[in-house]
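Take this structure, written in structure tokens, and hold onto it; I'll ask about it next.
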Amino acid sequence: MTFNIYDLTSFNQWVDKTLYDSLPAFWAMIIEMTLIGVAFLLFYALIGLFLVYAERKVCAFIQNRVGPNRVGPYGIFQTIADFIKLLMKELIPINKADKFLFNLAPFIVIIASFMAIAAIPFGLGLHAIDFNIGVFYVMAVSSLGVIGVLLAGWSSNNKYSLIGAMRSGAQIVSYELSVGLSMVTIVILAGSMQLSTIVEAQRDGWFIFTGHVPALIAFLIFIIASTAETNRGPFDLAEAESELTAGYHTEYSGIKFAFFFLAEYMNMFIVASIAATLFWGGWMPLHIGGWAGFNTVMDYIPPFFWYMGKTMVVIFIMMWFKWTFPRLRIDQLLKLEWKYLLPINLFNIILMALIVLLGWHF
Amino acid sequence: MNSESLILFFIVASVLVGGALIFSGLVAPRSTNPQKSEPYECGIPTQGKTWLQFNVGYYLFAILFLVFDVETVFLFPWAVIMKTAGIAAFIEIMIFFLILGLGLLYAWKKHALIWE
Amino acid sequence: MEDLFIISDAIQEEEYIINMGPQHPSTHGVLRFKVSLKGETVLGVEPHCGYIHRGIEKMCERLTYQQVIHLTDRLDYLSAHINNEAVCLLVENALQIEVPERVKYIRTILSELSRLASHQLWWCAFGMDLGALTTYFYGLRDREPILDIFEETTGARLLQSFNCPGGLMNDIHPNFIKRVKDYIVYFRKKLPEYDELLTGNVILQERTNDIGFLTLEDAISYGVTGPSGRASGFACDVRKHHPYSAYDKVEFKEILFDKGDTFHRYKARVEEMWESLKIIEQLIDNIPEGDFVVKMKPIIRLPEGEYYQRVEACRGEFGVYVLSTGDKYPYRVKFRSPNFSNLSAINLLSAGHKIADLVAISGSLDLVIPDIDR
Amino acid sequence: MNNEQLKEKIRSIDSNIEITDGPQYVTLSVSPADLHKTALMLKTQADLSFDYLFCLTGNDLTDACSVVYHLESFKHRHCIVLTVKTANRENAVLDSVCDIWITADFHEREVYDLVGITFTNHPDMRRIFLNEEDWVGYPLRKDYTDNNIVLR
Amino acid sequence: MNSIITYLKELFGGIKTLLKGMMVTGYYFVHPRSIITQQYPENRKTLQMFDRFKGQVSMPHDENNLHKCTACNICEINCPNGSIEVISKQVEKADGKTKKELDTYIYKLSMCTFCGLCIKVCPQDAIVFTPEFEHAVFNQDKLIKTLNKPGSSLKEKVKEPINII
């Protein structure tokens, strides 16, 4: 196997070692933590701002429009301007709203998405925490966000919000299953639940290629289910602006609304990066068996770019969904899950297990 | 990094939200108006109680979800050792699947999968 | 144990009342639906209208017949030209004036163009009601050239006021025929896209099929006309059954379905766009030469009596009733607006469906609120 | 059926109905007491079957109020106009026809709202456009005055 | 068995229709030339309105500051909204006759519905529609316009007003 030129493990270890050598253990830990915290915070904010901009541009091009083009060249500072505007806007208190839960909801959605990011391997050795049950952890944390949505809708003292929250509840209990089961399919193939090991297992070929049809089906199901889990169109029933005006965040204003908005995009980023990690080999470059020269060239592209590129492709597909399809109705949403995705998923797992048992995978 | 450092992420996210809320509370204008803080209902004052009882349908789906989610939890350990455990574990999990599949079929036939 | 999955009515929920409108994205204007719900199921809908009632009928009593025309624009602003035409036809028929063939042809072409523009706007708004936001821009994109044609010839994009008793305010612009022909070629290419994007889409089919049934008897009894009525098999096309202007000279099909659900109301409008294209195609090459207006007396006085003129507006049958006492002002003017009757069926259509279906049903009825409130 | 045949047919059924020729349609005039009976006859008679009420207009004739019903038959494609004059103007009362043609439900509410004719047996006789609680008077009456009206 | 076939048929048929829709939007995404949006304030200089566009009523004056309005009031009578007010004055001519002449032609843009009746009935073609469309002002009073320019007077040799009432 080719030597990976962008291995960051030694760099991490070096930083760790220098800090602990030169400072007392407690302070070293504090500094290290702060560094990581600030780095992730910056990354989080940048990705959020970029995704909002990307969504606006993508939908504009799909709709024969130009999109934001006034603030900065091609409007790239538009989202920053929007963020500043939202920060300066008035926070309107709502009569008879449950104040505590109303304010708690944005915390929950942001914390859930921020904690999920911790486990994502951005490159070789470039991850905050490498759990041995990484898949499990991501599943658990990313579904926490919906508690925030439920709280937001429930505490707003608004009928539209409540209906939106109820829809969101029904949606999450259904689509959580499909996300989990399609992950099981990949875990069978990889034989591990550690995200870094799963990526490593795809060194010779991404699972979407080596896993035959079951991996492809699992990928499709994962994309559909995770789109639903992040409350994005065509599954955006919880906000459904033509029915419920703005659904669960109708009563949120200013920066509190901005957090829901940001969390939606970050959740999209998280599920897209999980999809890229599980199915498209994470930060692994594209290798084609036998083409040594091609493979070497591919290796020179840094893994972080590979990773981001794959994630962006998945995100683009999700945006493409949103700007093409009409919204489903709540009973159709559940019908899709329980009558289509779940049986297909169960069948798919058996198929994958058989393939692995018989050694048909590459 | 070890998994205890998850607390770090928790704290950083809380600081992000809390800090932004506090900052916004400082810089944002404030003007009170009795109509402004009314919940939005298309310009008409809300009639009756906002909080209502949940539909029974939610309860049914929650039960179904519980059944299948527990199943997923059972599936993960099997999935990890699938390659080493081999055919015996496969047959055992098939029986497990069969029972669950029958359960799903039963619910299907009983029209429990239709949202009311 | 048997009853585990049977949802019992033992827990009686309170009636949950939600106001949709007057400030709601899906009512397309200031209409208010008072919806009572059980869970997500609609038990009943009570429309409250009148938020933009301007008393146009009262205003007309103080205006001459020429001046009445510009107010009819403001009823159903998407079929402004057709509403104008109704008043003009009424005056012409009452005075027994034969307008030149050229006027008839131009009026018919402009009517069909407004029908196209209106149905395009309906199509994109309907997609938006269902959550497909992109349709809105595609519909508006295709509507833009029609508005340009209107602007070039009549001077206004929406409220044209182009008709006057005895003919038209102006002759057509020299570019008119070429532009219309170009547009037909353009739109024939774009119209199949509508089907690919929305009509065939499985989500739309699921959302609209078997939702909001309107039987033929109900359609007639409620007076639901236009494409909404024809989707139920109610052959109510005034163009066909009581032809006016040049409609007796063209061949077109009256789009009729017998199912009467939301999808067929959708389908009826999409099919009507094809028929409108056909009508325009038949007329555009044969506009006869002649005057664009008949010389009328400056002050029009209708003989004493009652007059009624019906035309096919974009949303159904539009009628003007005039009671004249021989004065230069009408004694009483009544506009029979299609949307008002169509709206009355909303409770029948949406009871028992979900909130999301209510949005789809009210979208498929294609309500224009100024026409309801008048 | 054309207008002549219609006239004959209606005469043969009820000779009391006053029939006049309008510019377009045959016009029947009935008394308020006969209104509902005649309307039901027009709808149910197999040869007439006027099942589509396409316009319902309330007029204020300064000495009385009148309501004009424009009817069409879906089956036979003929039209007819039915007019009825109330006995007095201030307290104008008529029978509702919304059990015959449901569309009359909304239209009669509109007439009640703007012209001030009360329809008996109507299930929901309320104002439809104007505010129920605080609107005084009926705008389409000729003697209606409003300080806010913009006179040309 | 049949139900399984219909189940699969529904599934794949559904996916096919969804892909068809995505093809349409995907086509426009990769064809940025199909963008139809106008960049409005930037294209002010090149923006060409149609000649017949009913922007606002105005009174053309020739190079000698002469207009054609005889103050016959026909437009004022025909306006359905009362947005035109013609104020005339009696002017003594050189030959001793007094003649009615236009003093101020007031046009209330805020009340105008652009029905075009004033222009159609004008016997002298003294007023026309011009295609200005940027009517936004900060004060409503600015929408009340005087159409005749200061110091303008009637062009000679115009047709005599026809009395139509």
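Order of writing sets the labels: A, B, C, D and E. Residues in every chain begin at 1.
Methods note: a residue touches a chain if its C-beta (ideal position, glycine included) is under 8 Å from a C-beta of that chain, and two chains touch if they have at least 3 such contacts.
This structure is a prediction, so every number in the text was calculated from the model and none was measured.
Omitting chain D while holding the rest fixed, one finds the remaining chains still held together by touching in one piece.
Chains that count as touching both chain D and chain E, per the definition above, are C. By C-beta pair count, the most extensively touching chains are A-B. Relative to chain E, the chain whose mean Cα position lies farthest away is B.
Taking the mean of all protein Cα atoms as the centre, the chain whose own Cα mean lies nearest is C. Averaged C-alpha coordinates put the centre of chain B at 44 Å from the centre of chain C. With centres set at the average Cα position, the gap from chain C to chain E is 25 Å. Work out the mean CA point of chain B and of chain D, and you get 58 Å between them. Here the spacing of chain A and chain B, counted between their Cα centres, is 15 Å. Annotation for chain A: residues 62-65, 159-160, 245, 323-325, 330-331 touch two or more other chains. Shared interface positions of chain B, i.e. residues touching 2 or more other chains, are given as 41-42, 52, 55, 57, 107.
Multi-chain contact residues of chain D (touching two or more other chains) are listed as 152. Here chain C touches chain D in the complex through residues 49-50, 53, 55, 57-58, 62-63, 93-94, 218, 220-223, 225, 234-236, 241, 305-308, 310, 317, 319, 321, 323, 331-332, 334, 336, 340-341, 343-344, 373, going by the rule given at the top.
Every residue of chain A that touches chain C in the complex is listed here, in rising order: 59, 62-65, 159-160, 163, 167, 233-234, 236-237, 240-245, 323-332. On chain B, the positions that touch chain C within their shared complex are 41-44, 47-49, 52-53, 55-57, 60, 107, 110-112, 116. Listed in rising order, the residues of chain B touching chain A in the complex are 1-3, 5-6, 8-14, 16-18, 20-21, 23-25, 27-31, 36-42, 46, 50-52, 54-55, 57-58, 61-62, 64-65, 68-69, 72, 75-76, 79-84, 86-87, 90, 93-94, 97, 100-101, 104, 107-108, 113-115. Across the complex, chain B is touched by residues 4-8, 11, 13-14, 16-24, 32, 39-41 of chain C.
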